[in-house]
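To keep things simple, chains are lettered A, B and C as they appear, and every chain counts its residues starting from 1.
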Amino acid sequence: MGVASRFILRRRGGKSWHWTDVVTWVWLLGGLIIMFGPAVWLAFSSFKTPAALAEFPPSILPYVTSQATVQGYDKPLQLFEAKMPDGSTKVLAEVRRIGLVAQMVDPKAPGEIVRVNIGDRTPVRSVSFATENYTTPFTQFDFLRYLWNSVFVTVTATLITLIVNSMAAFALSKYEFRGRSLAMLIILATLMVPLSVIMVPLYSIISSLGLFNNLWGVILPTVATPTGVFILRQYMLTIPDELIDAARMDKASEWQIYWRIVLPLTAPALAVLAIFSVVWRWNDFLWPLIVLSRRELYTLQVGLSIYSGELNVQWHFILAMTVVTMIPVVLVFIFLQRFITTGIAGTGLK
Amino acid sequence: MKTKSLLAGAALALLVSTAAHAGDVRIMWYSDGVEGDVMKDLVGRFMKENPGINVILDNVAYSVIKDQLPVQLEAGNGPDIARVTAIKDLSRHWLDLRPLVKDAKYWDDNFGAQADWMRPDGSKQISGFMTQITLTGGYANKTLFDQAGVPLPGPKATWEEWAAASKKVKDSQKLPFAMAIDRSGHRLTAPLLSYGANYVGKDGKPAPLDKGAKDFLTKFVGWVGEGSFAKDVWVSAAGSTYRAAAEDFINGQLAFYYSGSWQVANLTTKIGNSFDWVATGSPCGPAACTGMPGGAALVAVKYAKNPKDVATVMDWFAQEKVVKEFSERTLFLPGHKGVVDKGGLDFKTDNAFAKAALTKYVEASKTTSDTALKLPGWRWSDTVYAAIVTRVGQTLAGELKLDDAFTRIDADIAQKVKDSGL
Amino acid sequence: MSTTSLTDRLGSLLMAPVHLLMRIIDIPLRAVQKATGIGGMAAVFLAPNMLIFGIFVLLPLVINFVYSMTGGTAFFLSERNFVGAEQYQRLFTCTNYLDPMSCQEDAFWTAVGNTFWFVVLQVTLMIGVSLITALILNRDLAARSFWRAVFFFPVLLSPVVVGLIWKWILQRQGLLNFGLYQFGIEPYTWLTDRNWTFIATIGVSIWAHMGLYTLILLAGLQAIPKDLYEAAEMDGTKPARVFRRITLPLLAPNLLVVVVLALIKAVQIFDEVYVLTGGGPGTSTLYLTQYIYETGFASALRNPGLAAAASILMGLVLVVLTLIQLGIGQRGEKKGKR
């Protein structure tokens, strides 16, 4: 606890290193490795061949083993660095391996076969990016179509979420009416109910509304988020009622008050909700997977799941496409980042 | 106001998306490897030859076929044709192609052996055909055996002999595990049958676990306990989730791996030249040396809007030359009697291990026991598999004692039979 | 900050048709307002959200209740038969309620227990870690927005990706074992060890979500007036006391939001864990949501009625929990106002 307050109290004009500075930097650098490391590794792994992906010990960078064409052999042979009996090392090409012994040849003098214990040889490897992990799916995978569907779902759902949630939040924060606490109670009570729990009945509703295999079947169930109403209402409570009363004196209609006064003042909170909504809808997987089973309707997340077969999963494609699908969300974050802190600051403060 | 425009928008989108064109045939397809590409190729060729029919290939994840398709079918939705594995369970949803296909006799002759797997009990319906026949079987890492100086057990070797030999290899080569078997009730059923188990009771409903089943399960749990069998895949999920142990075998961490014929293509690409591997067929038990047959079928769905076109598509894909080409390019064992009898399948691989393995599977199919051949067409197979996997998984994770697991398996199955109301 | 940046100008250009639309909408709404009065407009504003909410959230909850009274394996209500409280009875058939294994539906009670411990531990740790990170980020740091982005970034990943990444790190042939192997430590199968797997699910979910809570807390910290601290320092107040007397009370509203959001997320935990451990080993990371999903939708032993009954029970507990929280929050609110 003392440490914590020290942090806050610490002022500019560094004296010598206080131990809290050490803690700070250990925490930050540790955080950098733990938070970023896995993602960087994921990005590198997406360039690995299927064989390299399955290999242990795993490598950070994508490697392939070097091969060389040797006279007298039809196929390119794999190159190894072998330890010779006299202690020197030499680059040799492996002809074949029988048990513990590898038969190898010198690529420059392919006549003579050298026998090397397999423990004494290490493959010669070079960094190589398997870009076909990216290019193949792009050709056999209707990427633009899926991208469009994802964008459509994300943008539409986010817009509707912002509009209907902010309207509801406005009503719940700025009006006194009968049933207000009840409405608030119902919304808050369902805050915690996850979609996966109501999946069975929701599916039958979607199905009877004819929204099955329809992008609206993905959009509509997600837009009336209790979380959004909750966040926006908390923020709107901070807007002084005097502003609204003054507007009413000026004969502004309620819709104008909502649109001209309340919404602009709620902008930071709306930005936060927008970011969340984009991230949530973009990454939605389970529900779209259930509702959409036609190729032309797939979102990106559903599209990349087709590489999971019954018996095998084609990880190299999944990884590559995962990296591609991450890019738009990261871009949105970079653009809206400046709103996040201010927006969040407001939602917490009452 | 907003809601109105919203609903209008929804209604509009609805109109647009449900307007199925006459002549559209949708195929729901999942892929383990290259078969999606091969299929895409073939669909393209079909459409060139039959310009009036527009075939749309919907590639989906296997989980969609397994979990979502049954629900869709129950709602009368779903594709026109689908590649499915739970073909018996869902058979009431399949379309009878008998009056629709050009030559029903061709279908009976060539696909008759598996026709029962995909139609309601007692009917004569033609529902579709197997895109591939699979057979479970083992793979041994020959290089590891050689390095350890342990001879590979022969074709009549028992599970005990394989376990003992693999254990020797494991100890000498310092492997993490000697053997592994996929986390799957279907896979585990093969040795169970070899030990004399029979799931089917006199009334056709599931019987309680018999001595044969209990014998092997007891042995299996023991083997996992002493580290002969890999525990990882079996405890890495709850419930009846499928997990393959292929990765460990590919990395040379296993002496023996029990899976099935569908792994050949996968092992070929991923192992490459790292070590020598052989398909061994299924080890023996006291009762038999059987593997479990299985596979995926292409079936037509009852709710198709254009049954005639569907039949045309099915007829085309069931042609001998198409089946042959499909099998050769995917390295799948064909389910077409004509293709099998004529032989001469030219599998499109230059990998000697793969060719030898595929030959071995064709050979091993001869020792498949009668019980094993009946199970794919038995309504309760999946129920039994799921119960066994769930409870054995829990036992291996140390949550259940073996005797409790047996009781639970029987109870789970009984409950399911009761739930179904049959 | 410059007030008329290019993006802002572009924004106002784009907004012109929206403004027009809003003006058009205003015309009929004014008429409605005349008819209903100002108070009545609340209903108008509430209606769209409540309509969608009613159809896609409330109605399913109600239908779920009906489902829970039916039996059979059929998916659609019309084909299911009424069985009364049988599903609930089945869930509650236990010889000893403290031992899930003695129950008929052992998986359900295991999931209940797992979820309880998960929520308690995860939320506590999550708040601790987020608070420490927020306090650190609130110091005078060079490139603070970079560090903020570092901790926030996993929030942007889809749960499926999060699960995948960590599975690849923790599996026997994964990155962690590789790292340990470099130091000569034998590889360990983290994901087959009951305790480690449970810890992993907690750690991974904290990894994935802590950025959001850190930001909320950081925003709160930054809103605390600096002169309060200066005054305290002048009085020679001990740092621990400053934290307890100034920081914590002023951070309370943000902490409440964090607790509420963290609890919601923790109770709903599903996708990440489903990918990471699949609920295993055995059933040691089987959480309620996965149990309900699998029983109702996915499992080869599908039983929608049972799943519905379980979800109704879960829902009841959640509603009570939420109400308790709100009660606490409201009490705090009133205190603050006084």
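Note that a contact is a pair of C-beta atoms (placed from the backbone, for glycine too) under 8 Å apart; a residue touches a chain by one contact, two chains touch by 3 or more.
If you're wondering where the values come from, they're calculated on a predicted model, not measured in any experiment.
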Margin query: Per the definition at the top, count C-beta pairs in contact and tell me whether A-C or B-C has more.
Written below: A-C
Note to self: By mean C-alpha position, what chain is farthest away from chain A?
What the structure shows: B
Checklist line | Chain whose averaged C-alpha position falls nearest the assembly-wide average | finding: A
Checklist line | Centre distance in Å when chain A and chain B are each reduced to the mean of their C-alpha atoms | finding: 32
Note to self: Rounded to a whole Å, what is the gap between the Cα centroids of chain A and chain C?
What the structure shows: 17
Next item on the list: Measure off the straight-line distance from the CA centroid of chain B to the CA centroid of chain C, and report it in whole Å.
Entry: 38
Next item on the list: Send over the residues of chain C in touch with two or more other chains.
Entry: 25, 29, 48, 52, 75-76, 173, 290, 297
Note to self: Two or more other chains touching the same residue: where does that happen in chain B?
What the structure shows: 2, 6, 63, 66, 71, 75, 247, 251
Item checked: Multi-partner residues of chain A (each touching 2 or more other chains) -> 55-56, 163-164, 167, 203-204, 220, 290
Item checked: Sites on chain A touched by chain C in the complex -> 1-12, 23-24, 27-28, 31-32, 34-36, 38-39, 41-42, 45, 55-58, 163-165, 167-168, 170-172, 175-177, 180, 183, 185-194, 196-205, 220-221, 223-224, 226-227, 229-230, 234, 248, 253-256, 258-259, 279, 282-283, 285-286, 290, 301, 318, 322, 325-326, 329-330, 333, 337, 340-342, 344-350
Next item on the list: Provide the residue numbers of chain C that touch chain B in the complex, in ascending order.
Entry: 25, 28-29, 47-48, 51-52, 71-76, 81, 101, 104, 106-107, 172-173, 187, 189, 191-192, 194, 277-286, 290, 294, 297-301, 303
Check: Contact residues on chain A for chain B in the complex?
Finding: 50-51, 54-56, 78, 97-100, 140, 160, 163-164, 167, 203-204, 207, 210-216, 220, 289-290, 293-297, 305-312, 314
Next item on the list: Within their complex, state which residues of chain C touch chain A.
Entry: 22, 25-26, 29-30, 33, 38-39, 41-46, 48-50, 52-53, 55-61, 63-64, 67, 75-77, 131-133, 135-136, 138-141, 145, 147-161, 164-166, 168-169, 173-175, 177-178, 181, 207, 211, 215-216, 218-223, 229, 233, 238-240, 242-244, 247, 253-254, 256-258, 260-261, 263-264, 267-268, 270-271, 289-290, 292-293, 296-297, 304, 307-308, 311, 314-315, 318-319, 321-323, 326, 333, 336
Notebook entry, point to check: Okay, in this complex, where on chain B does chain C touch?
Noted result: 1-3, 6, 63, 66-67, 70-71, 74-75, 176, 231-232, 235-241, 243, 247-248, 251, 382-383, 385-387, 393-394, 396-400, 404, 408, 411-412, 416, 419-421
